[in-house]
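Two complexes follow with chain A in common, the first pairing it with chain B and the second with chain C.
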Partner chain A sequence: MEKLHFNYAATEKIAHPVHIGVVASGDLEVIMKPTTNSESTLDIVTGSDGFKEVWGNVLTRFFDRYPLLADFEINDFGATPGVVNLRLTQAMEALKNE
Partner chain B sequence: MSEARNWATHREAKAEKLSSVASLLNGKLAKTSDAKAILENLIAPGDKVVLEGDNQKQASFLSKVLASVDPARVHDLHMIMSSISRPEHLDIFEDGIASKMDFSFAGPQSTRVSQMIADGSLQVGDIHTYLELYARMFVDLIPNVVLVAADKVDRDGNLYTGNNTEETPVIVESAAFHDGIVIVQANEIVDKVPRVDIPADWVDVVIPADEPYQLEPLFTRDPQNITELQILMGMMAIRGIYEKHNVQSVNHGVGFNTAAIELLLPTYGEQLGLKGKIVPNWEVNPTPTLIPAIESGWVQSIHSFGGEVGMEQYIAARPDIFFVGPDGSMRSNRAFGQMAGQYALDMFVGSTLQIDQYGNSSTVTNGRLSGFGGAPNMGSNPTGRRHSTPAWQSLRPDNDPLGKGQKLVVQMVETFGSNKRPVFVDSLDAVEVRKEAKLQNVPIMIYSEDTTHIVTEEGIAYLYKTSSMAERQAAIEAIAGVTPVGLRSNPAQVADLRARGIVAFPEDLGVNRNQATRSLLAAQNMEDLVKWSKGLYNPPAKFRSWS
Partner chain C sequence: MSNSFVELHARQRALALLDQGTTRELIGPFDNMISPHLEPQNIVPEADDGIVIMKGQLDGKDSVIIAIEGAFQGGGIGEVSGAKIVSALEHVLADNEAGHTEYPIIILDTGGVRLQEANYGLLSISEIHNMVIALKQYVPVIGLVPGRVGSFGGMSITNALLSYVIGTDKARIGLNGPEVIEQEAGVKEWDASDKNLIWNTLGTKQRQATGIIDEVVDDDVKAFRTAISAAINENKDSHRDQRGDFYLSLLDQLDPAKPLDIEGYDKLFKAVEVKEHHLAAAVSGSKPGTKSRGRNWFELLTGIKKAQSDVPTVLQAQAGGRQYIAIVPDENNRFPRVRHGEVGLQEGYTVASVVNDLIKADADKPADQKTPIVIVVDVPSQAYGYKEELIGIHMSLASAASAYARARQAGHKVVSFIPGDAVSGGFLAQGLQSNRLVALDDLDITIQAMSKASSARITQRTIAELEEATKHVPAMAYDIENYQKLGSLYNLIKGVKGYDSSDEAVKTVKKALDEAFKSLEGVKPDLSFRYTNDIAVEGVAGGRKATNKVRALMDAQWNK
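And now, the complex of A and B:
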């Protein structure tokens, strides 16, 4: 198990919390909460060690496309980069569709 | 005046060979126990021999017998085989019975093929698509002997090949009309065959097999294993390709991505109001995941390359949809299926193991020389095509007065494979494999120039709309995730490609990612498929989790 922390510059404030996904094999949960910080913070707990660079790549790509300003909590159980991106973008969509 | 030439040397050689086994034959029928002696007498050193076997059906009795012949009598054969699937297909090279191989596909034996080429025990003529290997059997690889498999054979030698007719007719034809010898293994000898798939006078010797030929349910996909990413990709493909291009006829490759699409048509497709508007006509094996779409009225016709274990009763009960003989059982035909797949389809949708930065793809990866099968026939734009359909026409460039349409060739991949390795790479492993295996060409499955769309979990790249290789690369980078290729993507360029419709993300297609759940599938598991079939589908034991 490994704990990771990232910060990203972001511009689109979210109004209320959102929770997507479950902690199951090959999956993860993403929780986003409104923040008073000037940039997004991400606290990640992952069951797969040694993937900090991949996480950084996935998150950079996400924030390039969807600069959501929020506090993120992510609990991961070995999801592939594709599944991580799916859950992040599902959370983004859940906020936009309301 | 020169001596008169003998114009029938092949015929005389065949007659002489057959007379040498006359004492072992009752009409055309031999005894199972004489199989080895028959092959030793009928196959000469250096002969070109076709051994039937594709990715489903194998002449497994005859391949075992061939591996048991005396290499002092039968050696240095030139084997012509659609598929290298069984261990003895390669054992015969180690024993010296055969020395050269022309083939299409080597799925289960692909690692050993690579090793044997490297150590020199296997000499490869070339790697082909199915269709071009069949074609060469009539031109420069005309066989001396063909070894094929039949379900039932009558006492005259008429063959019933039924659901799994597959490539038997084209192989037999190549020998029967050029004085080659046709040897058949039979599951069963009967008084009367249900129908004649191959007439007796094309057949020379029939040997009852010690067990039925090997048959793999290669196209059966358990819906249980379809993931949400595959569902999302399927939703994007239905909206962004099937609907957008008004696709009427299609081939689906083997894989879970296309199984997901088949199971989304009756649900998601129905919600979109597409029933009756897209994909009525299919060239595809009878995959069980098509049952819900058939039962809910999406499908008008299906022609198949081969059968699929467990689908026999269901197919027999749906003759309006499938190709079924007057006897009530299905007839498949691999050569005609490949022909249809190349020329008559609007679209091919497949998957692959690697795609390079330019859009070339291959299933050949380091240490695995897997070959092609039929994908390059379906997954290529036939420049000889002259008829037009709305989907084909929709890809026509508008700046050329002599311009014509193009087949849709779609690759669907997750950016990272199940082995967590990137699918998008700078250079294909196939480039290295070519050097190791001393091949003339890099074994590419589908070339960039033929690939019109790539779908990943990030979105769709409409490659046919790109006007330069640099733009094509940028479109691929935009949907290649965090692979080395995807990391080169820059946000401003992605925004521009989206604005011009060259790249589409789910939100650009009106696809809601949160709808991508397993409950959207028309069947969640094998039992659901059996229910949809009204009990007519009978899954093989390995796909049954219930009693």
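And now, the complex of A and C:
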């Protein structure tokens, strides 16, 4: 297990918290909460050690396209970068509902 | 087109069952109530700790869904997840007591105790048992076993306590998983790689044919909703925890020395001639029984020397106005898997018959005059065996747990005295339904959810890694002194060991029991002592801190 932390400059505020996914084998959960910070914070707990750089790449691509301003909590149980990207996108879509 | 229920995760399952627009989740993923015990063991937690509590309406009826997420840590029950279930059920009970009818529905998708929080899991599950039994006086408690993990371990004891259980053909129900049986009893007892045998034995088709599950429906959301509504409207209750006479008669007609296959069992099941079973009090015999700490203390406390019983593994007698019950080893027992004192099929049902007889005999007495019960706890585990699973040992353990809980709820004071081991399902059946646990401060006592070898295998760790974890998490430890740090014990008796028999030792234990019974005068007959005492609340070395946090948050959110 490894704990990672990232910050990203972001501009689009979110109105309500969202939650997507489960901490199942090869999967992860993503929580986004509205924040008063000026940039997005990401606290990640991952079961797969040594992938900080890969996480950085996935997140950079995501924030380049969707600069969501929120506090992120991610609990990851060995998801591939593709699954991580999918769950982040689903969480973003959940913001549009309600 | 059907909408699969099995494919859904816990939260989606809860939402799918309830009427749209009526739902509200309690202690959800935004409430930051995660297990404090997983990260110290390098395990990734989940924000809801694998339990979804959802209030809402099902066909217009107020309901509370408790959904276990099987994909997270095998649906194992730890401290936070357990406390979420218990506190939700307590509120459902309080609402029903106050005249507001509300139906609890539990979705089981669980391996039982979360082994990384071992003793917390066992405590929580016993508290769930207590609430289910109390609730059944008001409303049916419906269980669903949709399948993926299925229903195993201590939560299968819960399963057997539920009023009515509905599943699909994608589910399995058992107590000990085949891997654990293979680990504990050898590959000849059960080859865990034989998937066909596993499904044919534990799958719901076989389980429905032999009374272990009530209804098997298509894997479809609507089918589940319809079946639940029917069960509620017709107030269905299969009383699975009170079939002792049937199963004890079945066991009388079974030769455990011979192999038993599924076909043979189905035949036996249909041919059972049911006779009533009552166990007479133990008497002094001519030769000593198999040595054990449980037997030692049963004999010392009742004054019956070389105690003999019609069921050699269950000793019961009244002495000094108290009922004593012990499960003991019997080296030549006809059931090989209980020879070391394990709680097997016969033991659970027999203990239940003793307690049920006592409840009946004392039914007309006022609560404060009902016979107090001392459970003498020395159980190395439940019995690990193929026949045990085929017949459904989880129901036997549920019968014992149910009997003790109903006795306590009726007003019998129940104290567990622990001079020996207190492990796993054995402890859930024989000990954990008492509201005072009194133990000897003896480091030879093992108190846990599973042996080290099996626990390491199931959690995919080495024994060395497991032992490292026990140093950091008291609930993972195997000794009575770490157990005390959880706040679970009422009293840890110093200076007396399991095999002591001096007058001084007996005097010390009797005094401790007197004191434990005295402390029960005028208090509610619930299990709250375990998490409300100072050690539990302050939680210097764990305690039940997280339990109390969950309870407070549930109180705050329930009627919001």
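Criterion: the second predicted complex is superposed on the first by the 96 of 98 C-alpha atoms of A that agree within 3 Å, B and C clash if a C-alpha of one lies under 4 Å from a C-alpha of the other, contacts with A are read in each partner's own complex, and residues count from 1 in each chain.
Please note the rule applied: a contact is a pair of C-beta atoms (placed from the backbone, for glycine too) under 8 Å apart; a residue touches a chain by one contact, two chains touch by 3 or more.
All figures in this text were calculated on a predicted structure; none of them were measured in a lab.
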Touched partner set for A:25, first chain B, second chain C, both or neither: second
Contacts of A:38 with chain B and chain C, given as first, second, both or neither: neither
First, second, both or neither for A:85, with chain B first and chain C second: first
Touching partner for A:58 - first (chain B), second (chain C), both, neither: first
Touched partner set for A:77, first chain B, second chain C, both or neither: second
Which of chain B and chain C A:93 touches, first, second, both or neither: first
Intersection of chain A interface sets (partners chain B, chain C): none
Residue ranges of chain A in contact with chain C within the complex: 1, 17, 19, 22-25, 27, 29, 31, 33, 45-47, 73, 75-77
List of chain C residues in touch with chain A within their complex: 9-10, 28-30, 39, 42-47, 69, 71-73
List of chain A residues in touch with chain B within their complex: 20, 54, 57-58, 61, 64-65, 80-83, 85-86, 89-90, 93-94, 97
Complex contact set, residues of chain B against chain A: 228-229, 232, 414-416, 420, 456-458, 481-482, 486-487, 489, 491, 494, 505-507, 512-514, 516
